């Protein structure tokens, strides 16, 4: 018991230290408003990548409509704060609950399907949500929902990103995470070993959708304006590239993918037009090459975590799931 | 033990690298005295140039508009610098690409303000980017002039630092409605718009509101979503109603397609539209179906007024013979309005520049500009028509 | 009361009656063999018992209650586990995780426990870990705990699949051709190994196998299936010189 | 009542366009069980090749159609060789993500200024634009051409798959790739041929759509691509006649939704149709039942 406790405390101390350091840098203006905005975007993208990775990486279900759940969370939380004047945190939690409910609603029928059909149906669902929002005048339809109060600050983002990471690690390292992975490996064998495959898939899907909705809430209260078009298929593909580049089925991989693909374009903003204009072309070529030579992405299914560092042996020891019981 | 130590060092190394990368690309210019942005503008003023930021959609789904806007801004700054610049200093314009995405516009605006220390921002081109950008400029007390965003929310929700150089949807809708009723004597209208596009839907609603208020009737209201190319279903319903005019409030490429299908289906109504039609490609896609159509626009390319002719010539000269479209003209005007305000204010201090902007009284390419209390310009709308395959000036609708 | 009672079990795929009138009784701690030529319907019987296929007629009583119509994981919850003819391990998961997944059938905690790492979470994880270590030691796999299942040699994969089934604490273990692809020496060890499991875990085992030496050696009762029908039942000795069985396997002497 | 027949004609003409693209989808999926997500983009490339042939090479309709079919066929084969072949036996997720990446690649490649550039282009009039009146209902010459081409190409393809040797090889590969290899069938060659034919069909559809709706832009392939997958699934994936029927049904429902229910919800209806079909009858109208042997 104590060994786990000791490691837990070390991790908490490190996290708090990093937070204080960042806060100090901001107050001193070393991290300016522009970089702060990038860090907030990185935080939101990390939560999105983690949530999609739970569905694609761990539960093995290729869901292509992830931006739709982000939209549900964004719009529901925006309605609560702007129209009903609810405080920030309850509003985004309600947004996440709505996202989870939408996940259940669409997951229940669709998760009986396999592979390609599931992918296209989730994609179809994404388009349906976009069209529905475009027809709801209450939220401004195609003209977008503006005048949302600014709540998302660096502090909230830091807290929620760390919480999201811990939540995913704990779900993945629990009985539920193992059931999900077993189902993604061989559904029939998992059922023979007493795992209710459908329930495991549905649970992974609901948690993933709720988290995406939560990220949507943070996004809405940071940008203060949301419109249906920004949650279309391109947004879903963007989140997919974070997970794919980082490594399908690796939690720290998703974090790495989200950080790199968010910071890179901003860091390159200064350099020549070539990269800027052909950015999407470079990304697509990169993915094709990646899928052929390194389908597991940068991190593969390895985990870079403090746990491995403390242990003897290499940082990237290759093993199936996360061994450490703690985040 | 050594092995573990090496690994810890590696992790700490990568952490600092990532932090460094982030702070590096962010703070290079920011390590000024950490003061708020507006005070920083004084510091910049002492420098040799006045920096103005411009947010344009260079990539994304409408790069053509971005290019016109960039050329318009550049031409205005070059002309201004040619005759002595502003407050005796040369003007330097810094372009940033918002990819026509609402999430990108505020980030690049923040970059221009925090990193490049601009004294004013031109843009964004489309309303959906200007709306989220407005509050950022107001928070940082940096004046913003959008050339072509017609959605009312841009100034209403943008805050006191947000201005625009073009008329707003309600005015354009009203102008079109009155023009249809008085000039064309049309009593019944059908409206076909892209319900997935904020500009198209906004203008359509504005038109319908004014048209019904003026006592005429909208006999058919049909819509479609982006990317669609078959409009026969909607057009057949419209043909059934046999309206006097068919109003299409979308961009030139879709309008050309609809017009062709409408004529093939045998719809004889006159076609009416908004500033989205303003492009040389309208006729190349629409062909002779566009003949005799009317559309409101910021500026008529064949207008004979001296300001327009000079602008067109210098534009063609600067950009190897390219023809200036409405987006280029309005971007040029927006830049002129901002620079003129800085000149009148005598300083780059934003409060004074905003005061100067509010009291703008300037002749620009798209007509005479003065601002009302919600910082929208009181400007005429120009109606053009397509006569034997070319856009021709028809009339001007003065604001009430 | 017998542990497993199967009465008049049958299934029809389109026109073909794959299995017809199958009956069987298995008491506590018995080792029963089910043999028959290829395509006799052995695996189909397995799939009906474990809920993979829904039988068209007949009744399956297990541990006192009917299980015909239940899904596979419900059958496993009622303490009947199985292995597969061609090994179906979780290839990309570690050996220990393969086994630990089955432990959750018996011991589970709520999602809230998992997220907030409550006392119950640590207790259950600890128990699961102990059971995994116990099974790993018994099956000689403890030093391969962290290897991916796909990287194990064939023999170890077979044993891991049995270990994984045993982790669900079954009362009846169904083994589907465990000796497939093994040389005589390995089959010999497997026979001893199966007998040891039966005594060590006090469970009943239903064994499908082609290797006569293995089946005749360790099974107490044998049922012979041919073209979906039972053609013989009894002790190994009776089966060996039963004319129908010989005919089914070797064909009639002219 | 007149409008109903006119809408019927509109529906069938739109449906025949979808059918033309769906045939390619269903063929590729039928043979190697892979949703070629980039199929919509190959259709777009077909339109641009047609535009290039007509405006730059001054081809008339038929040579331009052939030019585009050959072009897209080669591109299809190239994509299969470079991107899909190395992943032949990797998990479906990797293949699907590669297909999405290829579609992004094609879209952005055509968008570059070296090729077509981002702005819409117009397709010059190659076929006569006149219109026939059958009573009050009118049908344009192009609509008839598109319907005829869809039916003819569909019949030709059905004949090819059912009667010729290569067609036979395709059906065997569709049934069991590994067994086919054991039987001496050159699986790689068959799959490449499938891609060539599928892509060529998409190219033909591209040219016809370019003529019918003369606005071409790099993003025009995504939406039709999606709808034609719905058509292929509705008709029973892998069944060529199914794809044609599926295409007509999708075109019909979309037109009727726009005409009588609400033109802004049309797309939502199409996609809900997909989800309902897959839940009620996953194999689609004509598809065969397949299940995994334990």
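As written, the chain order gives the labels A, B, C and D, with residue 1 at the start of each chain.
We adopt the following convention: a residue touches a chain if its C-beta (ideal position, glycine included) is under 8 Å from a C-beta of that chain, and two chains touch if they have at least 3 such contacts.
Everything numeric here is computed off the predicted structure, so don't read it as measured data.
Participant: Between A-D and A-B, which chain pair is linked by the larger number of C-beta contacts?
Facilitator: A-B
Participant: Among the chains here, which has the CA centroid at the largest distance from subunit B's centroid?
Facilitator: Result for the farthest chain: C.
Participant: Roughly how far is subunit A from subunit B, going centre to centre by Cα mean, in whole Å?
Facilitator: For subunit A versus subunit B, the centre distance works out to 34 Å.
Participant: Measuring from the mean C-alpha position of subunit B to the mean C-alpha position of subunit D, what distance in angstrom results?
Facilitator: About 37 Å separates the centre of subunit B from that of subunit D.
Participant: Whole-Å distance, subunit B centre to subunit C centre, using C-alpha means?
Facilitator: About 71 Å separates the centre of subunit B from that of subunit C.
Participant: Using the touch definition from the top, which residues of subunit B touch two or more other chains?
Facilitator: 195, 225
Participant: What are the residue numbers in subunit D that touch two or more other chains?
Facilitator: Those would be 222, 264, 267, 294.
Participant: Which residues belonging to subunit A are in contact with no fewer than two other chains?
Facilitator: 131, 134-135, 188, 277, 280
Participant: Over in the complex, which subunit A residues touch subunit B? Could you list them?
Facilitator: Checking each residue of subunit A against subunit B gives 25, 28-39, 41, 130-131, 134-135, 141-144, 146-147, 150, 219, 223-230, 259, 263, 266-267, 269-270, 273, 276-277, 279-280, 304, 309-315.
Participant: Write out the stretch or stretches of subunit A touching subunit D in their complex.
Facilitator: 56, 60, 62, 109-110, 112-113, 115-117, 119-121, 123-125, 127-128, 131-132, 134-135, 188, 233, 237, 240, 244, 248, 277-278, 280-281, 283-285, 287-288, 291-292, 295
Participant: What part of subunit B is in contact with subunit A in the complex they form?
Facilitator: Contact set of subunit B toward subunit A: 3-4, 7-8, 10-11, 18, 21-23, 25-27, 30-32, 34, 37, 58-59, 96-97, 101-103, 106-108, 110-111, 113-115, 128, 131-132, 135, 140, 151, 153, 157, 194-198, 200-202, 225-226.
Participant: If we count contacts the way the header does, which residues on subunit D are in touch with subunit B in the complex?
Facilitator: Going by the criterion above, the answer is residues 3, 6-7, 10-11, 13-14, 17, 118-120, 122, 125, 129, 131, 138, 140, 209, 213-215, 217, 219-220, 222-223, 254-256, 258-259, 263-264, 266-267.
Participant: Write out the stretch or stretches of subunit B touching subunit D in their complex.
Facilitator: Contact set of subunit B toward subunit D: 61-64, 195, 222-225, 227-230, 232-234, 236-237, 240, 253-254, 256-257, 260, 264-266, 281, 284-285, 287.
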